[in-house]
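Below, each structure is written out as structure tokens.
Consider the two complexes below, in which subunit A is the common component and subunit B and subunit C are the respective partners.
Let's look at the complex of A and B:
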């Protein structure tokens, strides 16, 4: 199966549209980094308006770790849309061009072709995430330096020591890879259902937007289904940046507040990936390629 | 001539009487003790306890220079300090003699009978409006203060003493202050669909915060550069 994985990977990176996502991420990150470098202090002052009423915050709040967190908050919501551009075209694109028949008449089974395509799309997704990590984390660390992470959440503030931050980003990026692979698998499923390129891409993006809205609405009616939606779990990379405290409200270095939530989210996402890919295999195996 | 001398002596006596009415012997003893410290560099561990802040213990260095320069610096990293509160230490409070001292009885505090003395500043330029001191009359040590400032609210400072009692410097100091509500809109933090329960949100509001510094060592009167402040 290795040769067809290589072929599919080659096909992905031969297309110019593949590089749109890399370019878009680079442009967005560089623009935000430039903005924060020039006028970051006023942004930080706006965020800390409430805190400054009570406390004096002394130190380098706007450092590379905080910039990376801000960037991930903004981008990890939108990167799935860029992933869908490629993943949702993997099978339907071949069907649209008429090359699917050719593929499926080779000695490799349909299951092998589908899995090879999924592995190639996953490789693209992981590469995109590594690119994001390189620009958002390492470039920010280089431009802004590092210090403690002073994280302002909606209802409270978490101050994580500088030496306790990097591993959390590693964990967050590994978690984000599961989130984006779920989107890849969804796009792949949509792709297996259609015979043109645009339909599955739009359907995947629509599904992500629809389920994201359901996940974010605090309406009791939707609360029952929320735990089963993959979009509810995709943003739980943030859990790596919440910390346990002792009885006397002293933060425990190296701890994560809700490890069970992270584990549960990974399980839900993996189950979604398996379901979507299995469904894709089943659909392609049953697909009529003669008509 | 005799008449003039009598008037002069009378004026001097009145001035002395007024002076005694405005100061207090115990406060003076405390002030003299603190005045032996021109500057210090202290090392310690700081603990922040504010309901809406999760922070770990951090090593800090505290720099003080007469009359009222004080700086708390975390040993690498971000530090949180009560706004305006740190500058209202005993050394800075009693660095001036522009106040009226009023005795307000005695109180039992941590097993010690302390004299309660209220200080009212006579200099309008001072940051504080009124300060209550709980002083041990035997050792001339201030164990607790409650100070109301012009711009930054009220602060309670509790002190424990150890190896540096002779200088009137505490081994542990706890700043107590009132915190205001903290809330950032979800649109800014992008934390949608993950609301904390109302009970938890209420628990985080209107609570008293404390910042505690446990000092491990002091370097006293060895000089501190003004550039540090």
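Let's look at the complex of A and C:
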């Protein structure tokens, strides 16, 4: 199966569309970084204005770690849309182009083709995430330096020592890879159902928006299904930045407040990935190639 | 040796019967012409031969192996183009051949790729992206993809679509060379009898998913042969009588009656034979030649 994974990856990176996502992420991050570099102090002052009377924060609040957190909060909501551009086009795009029938006359089974395409799309997703990590974390660290990470949550603040932050980002990016692979798998499923490029992309984005709304609505009717929706769990990378504290309210270095929640979210996301990909394989195996 | 054996093959799309109980065999080394108008079921049949479409009923054997159970093994020995030459616009001609050579599970040298490009007349454009190609050039590249892994069976669905007269002649010579010089088996479909008759040693004519005539090209196009259309009150009885007669060949029952081919000199004898068998004959009509018959049933030129 290795040759077809190589070929699928080669095809992804031969298409101009692939680079739109990389370009869009770079443009967004660089613009935000530039803005914060020029006018970051007033932004930090704005963030701190409510707590300046009750808390004195030493050091550099607006450092690379905080910039990365801000960027991830902004971008990890939108990156799925960029992932959908490629993933939701993997099968239907070939059907639309008419090349799917060429591929399916080669000595590889349909299951092998679907899995190879999913692996190639996943590779693209991971690469996009690495690109995001490089720009959002490493570039921010280089431009803004590092210090303790000071986060303001809805009703509490978190202060994480500088030396205790980097591994949390590694964890957050690994977690985000599961979230984005779930989107890849969803896009893939939509792609297996259609013979045109646009429909599955729009359907994937719509599904993400729809389930995100269900996940955020606090209506009792939806409470029973919310724990099983992938959108409920996609943003739980933030759990890496909630730490345990001692009875005297001192942060415990290297701790995560709710490890079980992260584990549970990963399990839910992995189950979704398996379900979506299995359904794609089943659909492609069954269907007549008429395109 | 039969390279293709199709038995009672049918395909339904909902209430539409695209292919209806089609049976035929293609022998090794022959050029088999698959003729029928657009929408007659040719492409559906070809897609079933390539396992792109699953049959509703019937069986397909390629290289004496059931297709369904040996699909990947069989695919290594088959090269095909299916209808339009759909390719990747962002890849060059050479990249296409390299890609499909890699997919063939065979070791294909750079020389073989170059040779294939020369064979279809694309060597001078090998480094150009496909989005700069004309339809004819795409068609040539499609044929090159079908040939690059040196397959034993080549299936060409309407290979001359979009080609200019010179291109059509080139493809015709290529098909003849593949069979005569390289011993390949070629199944070539077209909606033009004139195209098929020049290359094929056997012809199968299909209409509305059903076989309407099949046999050696020379026999089917023999001016001394004719097609007879018979309408009786008891077709089943007529079919059994005709089945034992030594005159009639390629007997087929259709909605509008029975069709058969016969030597023109034996037409009166056949007529007497039917009358003598007491079959209530409503109509006994001579269709002069296969071409007339083909044109009539397919309403085409």
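Here is the rule we go by: the second predicted complex is superposed on the first by the 289 of 291 C-alpha atoms of A that agree within 3 Å, B and C clash if a C-alpha of one lies under 4 Å from a C-alpha of the other, contacts with A are read in each partner's own complex, and residues count from 1 in each chain.
The working rule: contacts are C-beta pairs under 8 Å (C-beta built on N, C-alpha and C of every residue); 3 or more make two chains touch, one makes a residue touch a chain.
As the structure is a prediction and not an experimental result, all values here were calculated from the model.
J.: Looking at the overlay, does A:35 come into contact with subunit B only (first), subunit C only (second), both, or neither?
T.: Neither partner.
J.: With the two structures laid over each other on chain A, which partner does A:14 touch: subunit B (first), subunit C (second), both, or neither?
T.: Second partner only, subunit C.
J.: State whether A:216 touches subunit B only (first), subunit C only (second), both chains, or neither.
T.: Touch status of A:216: first partner only.
J.: Tell me which partner A:99 touches in the superposition: subunit B (first), subunit C (second), both or neither.
T.: Second partner only.
J.: Which of the two, subunit B or subunit C, is in touch with more residues of subunit A?
T.: Comparing touch counts on subunit A for subunit B and subunit C gives B.
J.: For A:109, select first, second, both or neither according to whether it touches subunit B, subunit C, the two together, or no partner.
T.: second
J.: Pick one for A:243: touches subunit B only (first), subunit C only (second), both, or neither.
T.: In the superposition, A:243 touches subunit B alone.
J.: Per the definitions at the top, what is the overlap between the subunit A residues touching subunit B and those touching subunit C?
T.: On subunit A, the subunit B and subunit C contacts do not overlap at all.
J.: What does subunit B use to touch subunit A in their complex?
T.: Residue positions touching the partner: 47-58, 72-74, 76-83, 86, 177-186, 188-193, 195-196, 200-201, 204, 209.
J.: Under the stated contact criterion, what part of subunit A meets subunit B in this complex?
T.: The contact residues of subunit A facing subunit B are 47, 50-61, 73-74, 77, 147-148, 150, 152-159, 161-162, 215-218, 226, 232, 238, 242-243, 245, 248-253.
J.: Which bits of subunit C are touching subunit A when the two form their complex?
T.: Residue list for subunit C touching subunit A: 47, 50-54, 71-73, 75-76, 78, 80, 82, 84, 86-91, 99-100, 102-105, 145.
J.: Which of the residues in subunit A come into contact with subunit C in the complex?
T.: Answer in residue numbers: 3-4, 6-7, 10-11, 14-16, 97-99, 101-109, 288-290.
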